[in-house]
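In the part that follows, the structures are each spelled out as structure tokens.
In the two complexes below, subunit A is the common chain; its partner is subunit B in one and subunit C in the other.
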Partner chain A sequence: MRKIKKVLVANRGEIAIRIMKTLKLLGIGAVGVYSEADKLSKHISYADEAYHIGEPEALKSYLNMERIIDVAKKANCDAIHPGYGFLAENHIFAKMVEDNGLIWVGPPHDCMRNLGDKINSRIIAQKANIPTTPGGTIEDLDKAHELADKLGYPILIKASAGGGGKGMRIVHDSKDLEESIKIARKEAQAAFSDPTVYIEKYIEDAHHIEIQFLLDKFGNGLYFPERECSVQRRYQKIIEESPSPTIDRHTAQEIGQAAILIAKTAGYYSAGTVEFIYDKKEKKYYFLEVNARIQVEHPVTEEISGVDLVALQIDIAEEKPLEISQNELNLRINGHAIESRIYAEDPDNNFMPSIGKIEHYREPTGNGIRVDSGFFKGSEVLIHYDPLIAKLIVKAPNRTMAIRKMYAALSDYHIAPVKTIIPLLKNIFQHEKFVNGDYNTRFIETYAADLFNTKKDSKYVSEAIVMFNYLKHKKHQAEVDEYSQSLQPYWDTIGYWRG
Partner chain B sequence: MARIISNINVNSDEFKKRYQFNKKKVEEIEAVRAELSKGGPPKAHEVNQKRRKLFCRERIEKVIDKNSPFLEIAPYAGYDMYNNDAPSGGIVTGIGKISGKDVMIIANDQTVKGGTYYPMTIKKHIRAQTIAIQNNLHCLYLVDSGGVFLPMQDEVYPDKEHFGNFFYNQAVMSSMGLLQVAVVTGLGTAGGAYVPSMCDQVIMVKNQSAIFIGGPPLVKAATGEEIDAENLGGADVHTRISGVADYLANNEEEALKKAREIFAHLPKQEKFKLDRIAPQEPYYDTDEIYGIIPEDLSIPFDIREIIARIVDASEFEEFKPLYGQTLVTGFARLGGYLVGIIGNNGIIFPESSQKAAHFIELCSLRKVPLIFLQNITGFIIGKKYEHQGMAKDGAKWITAVSTTNVPKITVIVGNSYGAGNYAMAGRGYNPRFLWMWPNAKIAVMGPKQAAEVLSSVKIAQLEREGKQLSQEEIEAIQKPIIEEYEKKSTAFYSSARLWDDGIIDPKKTRDYLILALEIALNKKIEDVKFGIFRM
Partner chain C sequence: MEKLQVNGNIVEYEISSKENEFTITLNAEKNTYSVFAYGDEYLLFNAEENKFQVLDVYRDKNKVFLWAGDEELLVEEEQEDISAENVELSENIIKSPMPGIIKEIKFEEGDMVKKGNTIIVLESMKVLNELKSSIDGVIKKIHVSVNAQVGPLELLVEIDGGE
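Our next item is the complex of A and B:
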């Protein structure tokens, strides 16, 4: 066992804050880093000490490995927590951290390298006898045609190194295959500096199901109830919930055990997530990939299980064994949790990032409402980084109540003047299909007409304007009283004065 | 409300010239005030220090709340009078916060002739008590006085507003529920014994203070009894034997601390709830006032330019802007408080009189305090206006200003001549406070007019005797009159005689007004009951 006393959090925004909060609970010093553009950002105020690491562009700051390691050493840190994004899945950085005598709060770097490659990770899954989506690598065009025909159209072309939908293409007809492969390769090259692509069967009623797991260095593993992350726009999740309304408890257990098996096969420790595609029609699951880091949607799991995943990451990094068994964990699971990602994007304008200063900001509060945010009133949504303002997580005894709580919380979330996807989220939580748990990864594109139909309420617009102007001048009596009480007498404010 | 549009060109030569002039005037009054604040002669201070006694101004600084204002009343009293023997009239008066309460402090200056009362000391003491009565203020007396200044007994002792009036006022204030506290730091002899004796609570300092109806010399003369001050009426005697005083303090600091404790245990004063919004500084720089007031006050200036540099955000809601234009009336905010403002833009006509009466009625009914900005040479005269009934229109205004229920605060910014002074809430009309600007003038009429009136009487007399006067001879008659009038109409002359509550830096007018307004709100504004308006 080793003791971590001070951790550098190599990240920004809500995840940096979230990690620092746990560090404080553990009595561990939190060191923050910030780029030039972030010198007034919220995450700095949560750090015990903070260091400037470079220019606004991520490459010159949050991705600047040498600089971050220098700062960690200068500040006498004994570990680095990468959060998600930026350097979180960079195995070269993970190795560099350890080569510099620091602890990497995450999985072993060679394991990260193996899992980072999609083809490689499929091989690992296959080794563990976990089904992978039917498909394979593209050696030449003939073989590709042969494979595609065998799988049956439509098929999916994916970048081997990729994620986030880049380099991904759906092909409906064999005549488009050649062209699609060419484009996919070009995109993959541009995005990941690696043109390798592969073919997969395209599953029509696909669900994104993932398993959060923990493995310590002694071979003890825990898997958590699945998260369903099927509400996506442009292959990016915007809503996650746990447990999933799609699969039954038996399947959940099966998938959970599969996740542990894959992770053990890969020689993994720390927290991680195995992503699966679930074919609802066929009731089959396929391994997709392993996310070797803490994920954006981890709070959903925390809410229904009561564990602090970051605290357990630290425990594992300190080489402590996991203290609870799978059975004990299962007994702790209760209720239903949902997360909404509050992006500063305009849903009515093709999710264009909406940058600028947040002039008005009010978060919802209440029992079972958690906001992991990286912003406050006066913060700027910066062009340089991901426009995620916050994550709104609700927990309730069951799914119906959780959906209602989420809708109420979204209605109480006031952000202006930057545009956010809150209106879209509210439409989703009111949508019959979502409420019934009848949705898959194509939910948003299928029901776009319902979800983006903002003109629905337009007949009330003029009434709303009249009401707004009326209310602007009309204050609640308690507010008026508080206001006039807040007016200090001149005698009390002028200070020393002798005329 | 709309912001006043200023037409002042701060780059003009005229502006710069006026700025220099008024700035110098302010420096002049401040230098005089600094000198007066020193109190009595250095020798008296030496004696005081030897006795380990604090100077009265130090006592005030110690007794009021730290880092809070002190609104001094009449610092120029007695200036250029009594051979300048009574700086600030030998008494320091003003309003300060003690343990959060608004208190009128009346402190004898023992370095000025042993704190004895000159005529202006009496007037100032009574003025302070009057302010306390009008504004519901508690009083703290820092007693250190040898009684009346005996050489001038005929001017300080017998009349209605002389020494005896002090104790009457104390009894009246006590009956109004206003706390009267005395800290006796020196002697309270004869009449002076009654200042503490009439108080609700009295603190005495061991081996330093004494209260007696007759001091040791008088006792010896009358009865042959030989006794020292401490044994006759010292702190021990009065706190243990006679019960004339209530608390025994070992030193002045302890006594002043005790006074703070007494005020701390007083119930909080409820102020009148005047409409208030968040305060804003004026849009225009208050400093620019210096460049607006002309050196020669016969040159007119727009009073709106002054209003714009006093009120919140320079915003002014003018009432009847097109009617009776020699008078400017309207609503504004001062420190967020809603006030009515009446200012002069020339001589008073029947229309401006009616407008003033109308506006005062508005403010009275709505309970909005009134601010008067005086720059007035008088009422219009001549056949046309007499026939129009100037006198009855003026009477309407006087009725309104006399019987209004709202607090009035007056600032003489320019001329204050003739009945204009009355209509614009001059001293006789009981404004809660009245201040003058350094260059302001106050007299029954302007020096030139006075000289002409007086010389014409003389000329007529001589003509009846068959004498014809040359222009030179007329000027010779007029010159001393003009000089006399000029001398006696200055702010210094006025302030020395307590025709006002002080000469103030025009730039600080806003501070004075807001502080005074908050003091005035200690008294509830009652419903209005006007007298007869002659129609």
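Our next item is the complex of A and C:
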């Protein structure tokens, strides 16, 4: 066992804050880092101390490995927590951290290298006898055509080092294959510094099901109930829920055990997630990839299990054994949790990022409502980074109540003038198919007509017009008041002299 | 009759006020509200109907964003439609569809391009977007350079259709 006293959080936004909050609960010091563009960002205020690490461009700040390690040493940290994105799944960085005598709060670097490469991780899953989706590597263009033809279009091109849909392209026709491979390679290079891409069969009635797991250094493992993350736009999740309305408890257990088996085969420890594609029609699951990090949607699992996953990551990094058994964990699981990602994007304009200052900001509150946010009033949504403003998580006794709670909480989440996907999310939580749990990864495109550009008749037109006129009147009044107040000091002065 | 745009629809109404009391006639229906301010939030009290409504409000120049019940509303003065001119132009220019950074410019001024050719690669939030020509023609002017940061709807490239 070893004791961690001070952790550098090599990230920004909501995840940096979320990690720092747990560090405080554990009595561990939190060191923040920030780029030039982030010097007024919210995450710094949660750190005990914060260091400037470079220019706005991520490559020169949040991806600047040497600089971050220098800061960690200078600030006397004994560990680095990477959050998600940026350097979280960079095995070279993980190794550098350890070579510099610091503790990496994450899985072992050689295991990260093996799993980070998606082609390699498929081989690991196959070794554990877990089915993988049909597909393969791209040796040259002819072979790629041959493989794609064999699988049948549409096919997916994915970045081997990828995640979050970056470097991923769906191809419907062989004439687009060459160009799509080219773009995917470029995106992969830009996002992960590795241009390798591969081909996978595209499953039509696909569900994205994933298993959160924990493994300590002594081979003790825990798997949590599955999260369903099938509501996606541009291959990026926007809604996650647990448990899934798609699979039964028996399948959930089977997939959970498969996840632990894969992670153990890979020599993993720390928190992680195994992603699966579930083919509802065939009732079959396929291994997709391992996310060797804390994930964006981890709060969903925390809410239904009552555990603090970041605290357990720290425990495992301190070489403590997991204290509860799978049976004990199973008894703790209760209720239903859902997460909505609040992106600063205009859903009615092809998800165009909406950058700029958040002038008006009000978060929902209440029992079973959690907001993990990286912003407050006056914060700026910056062009340099992911436009995730916050994650809204609700927990309720059952799925129906959770959906209604989410709808109410989204209605109470007020952000302006930056545009967000809140209107889209509200439409989803009112959509019959979603409410019935009848949705797959193509939900948004299938029901686009119900979800986008929906202008409903308002119940509050009179009230809105009254408010508009009231504010106009008040502004005029304020100007009059300001003028009369500007005369005030003279009277005060004269009064003083008279006294 | 006065006019305002509510959620993009033009609404005609009549209004009169006395101190914090507003009487509005909309669709031949008359209602009186008393307005009380609490910070950014307001309480509208409709005495005849025994109804209270809390509104959260943000005012941005001539626009007002309001949140009432489960709705978000946008009220603004009537806008003139200036989009017609832009539609005509969109054939032979390329504008940035979103803010981003120019990663690649595939042609130079004077180059011949075909409809569907990718002219510019724009990176926004780590995703590469290909901006394509919608006509056959010759690149007349390129207004940006590689690594330039552009805002939304900024003019990037002009293409001469050569009619």
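Heads up, the rule we're going with is that the second predicted complex is superposed on the first by the 394 of 499 C-alpha atoms of A that agree within 3 Å, B and C clash if a C-alpha of one lies under 4 Å from a C-alpha of the other, contacts with A are read in each partner's own complex, and residues count from 1 in each chain.
Please note the rule applied: a residue touches a chain if its C-beta (ideal position, glycine included) is under 8 Å from a C-beta of that chain, and two chains touch if they have at least 3 such contacts.
The structure displayed is predicted, hence computed values, not measured ones.
Asker: Applying the document's definition of touch, where does A:Ala191 land relative to subunit B and subunit C: first, second, both, or neither?
Answerer: second
Asker: Does subunit A have more residues touched by subunit B or by subunit C?
Answerer: The partner that reaches more residues of subunit A in the superposed model: C.
Asker: If you stack the two complexes on chain A, which partner ends up touching A:Asp205: first (subunit B), second (subunit C), both, or neither?
Answerer: Neither partner.
Asker: Mind working out whether A:Ser462 is in touch with subunit B, subunit C, both or neither, as first, second, both or neither?
Answerer: Once the two structures are laid over each other on A, A:Ser462 reaches subunit C alone.
Asker: Could you look at A:Asp99 and tell me whether it touches subunit B, subunit C, both or neither (first, second, both, neither)?
Answerer: neither
Asker: Touch check for A:Glu323: first (subunit B), second (subunit C), both, or neither?
Answerer: neither
Asker: Thinking of the overlay built on chain A, is A:Glu146 touched by subunit B (first), by subunit C (second), by both, or by neither?
Answerer: After superposing on A, A:Glu146 lies clear of both subunit B and subunit C.
Asker: On subunit A, what residues does subunit B touch that subunit C touches as well?
Answerer: none
Asker: Which of the residues in subunit A end up touching subunit C in this complex?
Answerer: 166, 183, 186-187, 190-191, 234, 350, 352-353, 355, 359-360, 362, 383, 385-387, 407-408, 411-412, 414, 416-417, 422-423, 426, 455, 458-471, 473
Asker: Once bound in the complex, which stretches of subunit C touch subunit A?
Answerer: 4, 6-9, 11, 13, 15, 17, 20, 22, 24, 26, 29, 31, 33, 35, 40, 42, 44, 53, 55-60, 63-73, 75, 97-101, 103, 121, 123-128, 130, 149, 152
Asker: Could you pull out which subunit A residues touch subunit B in their complex?
Answerer: Listed in rising order, the residues of subunit A that touch subunit B are 484, 487, 489-492, 494-499.
Asker: Can you check the complex and tell me which residues of subunit B touch subunit A?
Answerer: Residues 67-72, 75, 97, 102, 276-279, 335-336, 502, 504-505, 508, 511-512, 514-515, 518.
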